[in-house]
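Just so it is clear, A, B, C and D label the chains in written order, and each chain counts residues from 1 on its own.
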Amino acid sequence: MIIILKNNPEQRQLENLRSWLLSMGLHIHESKGESTTIMGLIGDTSSVDMDLIRALDIVETVKRITEPYKNANRKFHPADTIIDIGGHKIGGGHFQIMGGPCSVESKEQICLVANQVKNAGANILRGGAFKPRSSPYSFQGMRGEGISLLLEAKAQTGLPIVTEVMDISQLPLFEEVDIIQVGARNMQNFELLKELGRMDKPILLKRGLSSTLEELLMSAEYILSGGNSKVILCERGIRTFETATRNTLDLSAVPLLKSLTHLPVIVDPSHGTGLYKLVAPMSLAAVAAGADGLMIEVHNDPEHAMSDGPQSLKPEAFTELVKAIEAIRPFAYKTNN
Amino acid sequence: MIIILKNNPEQRQLENLRSWLLSMGLHIHESKGESTTIMGLIGDTSSVDMDLIRALDIVETVKRITEPYKNANRKFHPADTIIDIGGHKIGGGHFQIMGGPCSVESKEQICLVANQVKNAGANILRGGAFKPRSSPYSFQGMRGEGISLLLEAKAQTGLPIVTEVMDISQLPLFEEVDIIQVGARNMQNFELLKELGRMDKPILLKRGLSSTLEELLMSAEYILSGGNSKVILCERGIRTFETATRNTLDLSAVPLLKSLTHLPVIVDPSHGTGLYKLVAPMSLAAVAAGADGLMIEVHNDPEHAMSDGPQSLKPEAFTELVKAIEAIRPFAYKTNN
Amino acid sequence: MIIILKNNPEQRQLENLRSWLLSMGLHIHESKGESTTIMGLIGDTSSVDMDLIRALDIVETVKRITEPYKNANRKFHPADTIIDIGGHKIGGGHFQIMGGPCSVESKEQICLVANQVKNAGANILRGGAFKPRSSPYSFQGMRGEGISLLLEAKAQTGLPIVTEVMDISQLPLFEEVDIIQVGARNMQNFELLKELGRMDKPILLKRGLSSTLEELLMSAEYILSGGNSKVILCERGIRTFETATRNTLDLSAVPLLKSLTHLPVIVDPSHGTGLYKLVAPMSLAAVAAGADGLMIEVHNDPEHAMSDGPQSLKPEAFTELVKAIEAIRPFAYKTNN
Amino acid sequence: MIIILKNNPEQRQLENLRSWLLSMGLHIHESKGESTTIMGLIGDTSSVDMDLIRALDIVETVKRITEPYKNANRKFHPADTIIDIGGHKIGGGHFQIMGGPCSVESKEQICLVANQVKNAGANILRGGAFKPRSSPYSFQGMRGEGISLLLEAKAQTGLPIVTEVMDISQLPLFEEVDIIQVGARNMQNFELLKELGRMDKPILLKRGLSSTLEELLMSAEYILSGGNSKVILCERGIRTFETATRNTLDLSAVPLLKSLTHLPVIVDPSHGTGLYKLVAPMSLAAVAAGADGLMIEVHNDPEHAMSDGPQSLKPEAFTELVKAIEAIRPFAYKTNN
């Protein structure tokens, strides 16, 4: 961390700053120019609050040189994290596809789609039980009952399941869930992240709609620093000015995250684009960019199509896509190149 | 709501759609053009899930004509909502300034600033007890103890207090808090919003970093539809490409919100800009645009300045600003003009 | 186009509107609901100015159903446009890589890189002569002399060349240039676009930093409607809140553009990310998403590295990348699937 | 400027860098930490190309401490620039309102509106002759004839005029125009900026849709460094995710620009919001924030309303607004406080 001081800093305040920095176990390397004095801080600065320093009257600006996350940082943990999900590994060269409907609606529906997902060759079942909806008048999901139905589909097919939690109070219902998903709107629900950090269960952490990659990694750090090392990151589109797609899928996040962290990185092209026509090309692009997995919405039986999003694939299209994904995988970018 | 159908829609699916719409109590007005058929829906469409309709194979697109919020809608509630906060009214021409430190740090600090805020002429004390921080290594606030200290400052000065909740489980601590603040990162924490809808207490709802005004109003609708009508909206800056300010304060939100809703609208120029130099001009601008109040960070005693943000005003500057605000208020834009 | 009228529109104004629409050769299909009247316009609405209609007192809102571009529209021109560049085709299944340095600096430099690009297997040479720079104090390019040097490199290697024009007055210098590039900052330089529409030469049109895909297609329409049908579109990253990359490369633009238009679509991962480490993964991702070509910056001799951007690949890395691109191409998404 | 080097930089490259920096007349102050070496550059770094340095293998990152603009910089030119426009001053406490129609349409129209603008108390007439339109099929303005009509309106009323140039080749038509406007889409048309730098005429430079304030100041620097010191900056809204307004008017730009530069800063609330209802409140807010002027669209005679945007005020509303602006001005924020 570098602190750039204003011209002629008030000496007493400068002394206070020096003492405070030393009290945090840091070494200070000062360098005086004609009009600027620069303080270089040496040591572990991840717990130094930049805002506090920037607020001081004598400080012009503060710049970080090293990343503010430690547990998530590949520099300190060079080897890829590999997470086992009911016998299926993700990360470190292992690739997984998570498929399923947007929402769980009935036993018949979720079991039918689960079988379709399995037959298509995917290993993990997704399905929403608690649904974050911008309107209080929209369907809020089957909630606890939805999780029970997911567990039935798991029992029938053997597929591990991933589903979203929206509040700490719901966590007791997630005991048999294989991966707990944190949605984009909760990426900075820090109390929830702390609680997940105390669990021993894989967490799928989705990037917030307007979160930087550094903020995503800091949210992962909340979980990791609590003791839970099983975090999967998910790029799912960011909010931009473009209205042709629901979100702008930021695929450069995949290789960039994989260079910054050892955690597995997957992509959700269904929410990331909001258009079913774009799911296949963006799935292939995500694989090519080096993603460790995909999360894809699979459409219900068209006879009961009333409840799926405009971004879901029909089962046949999903089956074709899984084949195309397997075909392109050997030619994908390898991060360690 | 208008549904625009694709060319030559499959008849059975069209019948399904018609039946489903009628079953929701809506009237359908169809209009057939050469290449397009348009269905106009008449009735209460606020609970119609646009995504479900858009997902149908036969549908080209869906457009809303009326707003999806009812309780927050000025069309149905033309009179301004006026909220009483410990004897101080906001809304309907009543204006309030909320001032105080970013974080509560000690009894001395919060009581000192509370007195400064009161002497400056402001009526409500702000102060953070639970602090949402992007890093797990940053100061997380004094939490429950911070609320106790705020209540002490309230007892000493008579100022009602506003402070932020981060999770449902913390709500029991907020019984004597006068206004519960929902922070930008929790604007779409729907489980929390539902819980606040069951309370009888003013809620200060901050706009999310990348939330549209319609989404802000839908989040207010969660609280209002639960039965709690005391919602204050707060513009606090949105995330854009500009890096010169921490956020881009969207002051056009003030007159626009006030035309769309009857709820009071305030502005937080401290977080909205992130730069103390901009707090005064943007406060005056917010007042001129017709805001019902301001939330402003006031700096601690400079001797202990280690813990305030770069966006806080010193007490003297705050006192000057309150005077300038009072002077400009008679010349501000009146929404009902 | 659909015009939604306000309640109880003033009759004389309504008559004026009807007459004006009829005078433009449109048919009007009116549909009266309880509280809303909807006018559906039938005919060629591409020249109807929505803003003019929206401005009328009696109009609530106006929505387009059909796209405002005709010449660029795949609906009216289903077959892929194929453009021949000095014997090398692009579009309709033909794929091209354009490589070269950011700026032309000397005869030695551009001829050296041209040979490296050719040996790597790319067919088109890029290089900047007129350089748009945000600072007047930065290197502005070799300008006319730079174009002469590019032509020398073309003569030596046989590679066709692509280079950027910044102003109409420079066009006489571009007579022997094979592809004229319009940079992101000039995507809406409409006078320049009109002039290019009068030429018979391939135009590489880059998406503006904050341009929607519809705006990009409208800019292409300026060129096409002038009579020049040889337009290549280029996604090169948009401006978002994310600062980890220089721009956010919007790869979903590739399949989306290819469904909306018959024009070839290429990707520039060098400017699109601003980081050389991301060029290879994003190149592969662009190919997987169905791009018709790539434009990649290739680094100078490292001994003279003073003038290349942080986003350039060294020649060896470029050679490796061309091989990886060729390997992945057969598995890329096919738009016509 | 600070250059942060990578660990163990290659010595020959480091020597090259040092020589190159010294050859530019800079002094280097090196400071070696345990894992990082920092080079502080002392001297005029405004012409140093950061991208060139960042591209070097041995460089970790480069940070500017001083602004890259000199002529526009208030640090070097503390006194406000005051510009005289046909006897009406702007800047340094002088305030001007520019009013008029979006487009010039006929002699009757522009002369009528000019008189209305004058009677309302505004001093400068605006009107578009060359119109940048995203569609080639939309009205492109009366062009040269439009300028002639503006000059007639000027002759009739004595009001100086401001109108937009779109290309260098049009400049000869602007000889008698009082202020030449550079539109948002041309803010980085650097060839045009250079040409305007050679003129002795006030330039109104509008902020680009996705331009940072630093980029706006760099574009001003293009004009100033060419010798033309009469530049007026204009905030007119930036492009964000919000769709309720056409653009997001960034009023914090006003006090921030005025602290960074000595140039006058005005606001265009008509384009900045795109909604006529927001023009009045945002005008008052702009004044309160310290703007030096406003540019406001005034509606034609409603009988011929076909050609004005949804953001124009009717003459009576404009007259009321001018009064409200005059009333609030004494209470506006003073930058020098």
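Please note the rule applied: a contact is a pair of C-beta atoms (placed from the backbone, for glycine too) under 8 Å apart; a residue touches a chain by one contact, two chains touch by 3 or more.
What you are looking at is a predicted structure, and each value in this text was computed from that prediction instead of being measured.
For the pairs A-B and B-C, the larger set of C-beta contacts lies at A-B. The chain with its Cα centroid farthest from the Cα centroid of subunit A is D. If you average the Cα atoms of subunit B and of subunit D, the two centres end up 32 Å apart. Between the CA-based centres of subunit A and subunit B the separation comes to 27 Å, rounded to the whole angstrom.
Rounded to whole angstrom units, the spacing between the C-alpha centres of subunit B and subunit C is 39. The set of subunit A residues that touch two or more partner chains comprises 210, 239-241, 243.
Within the complex formed with subunit D, the subunit C residues making contact are 16, 20, 46-47, 49, 51-52, 54-57, 68-69, 132-140, 166-170, 185-186, 188-194, 209-210, 215, 218-219, 221-222, 225-226, 239, 302, 305-310, 312. For subunit B in complex with subunit D, the residues that touch the partner chain are 210, 212-214, 238, 240-245, 248-252, 254-256, 259, 272-273, 275, 277-278, 280-282, 284-290, 324, 327-328, 331-333, 337.
Subunit C makes touch with subunit B in their complex at residues 2, 4, 29, 31, 33-36, 38, 40, 42, 60-61, 63, 65, 210, 239-241, 243.
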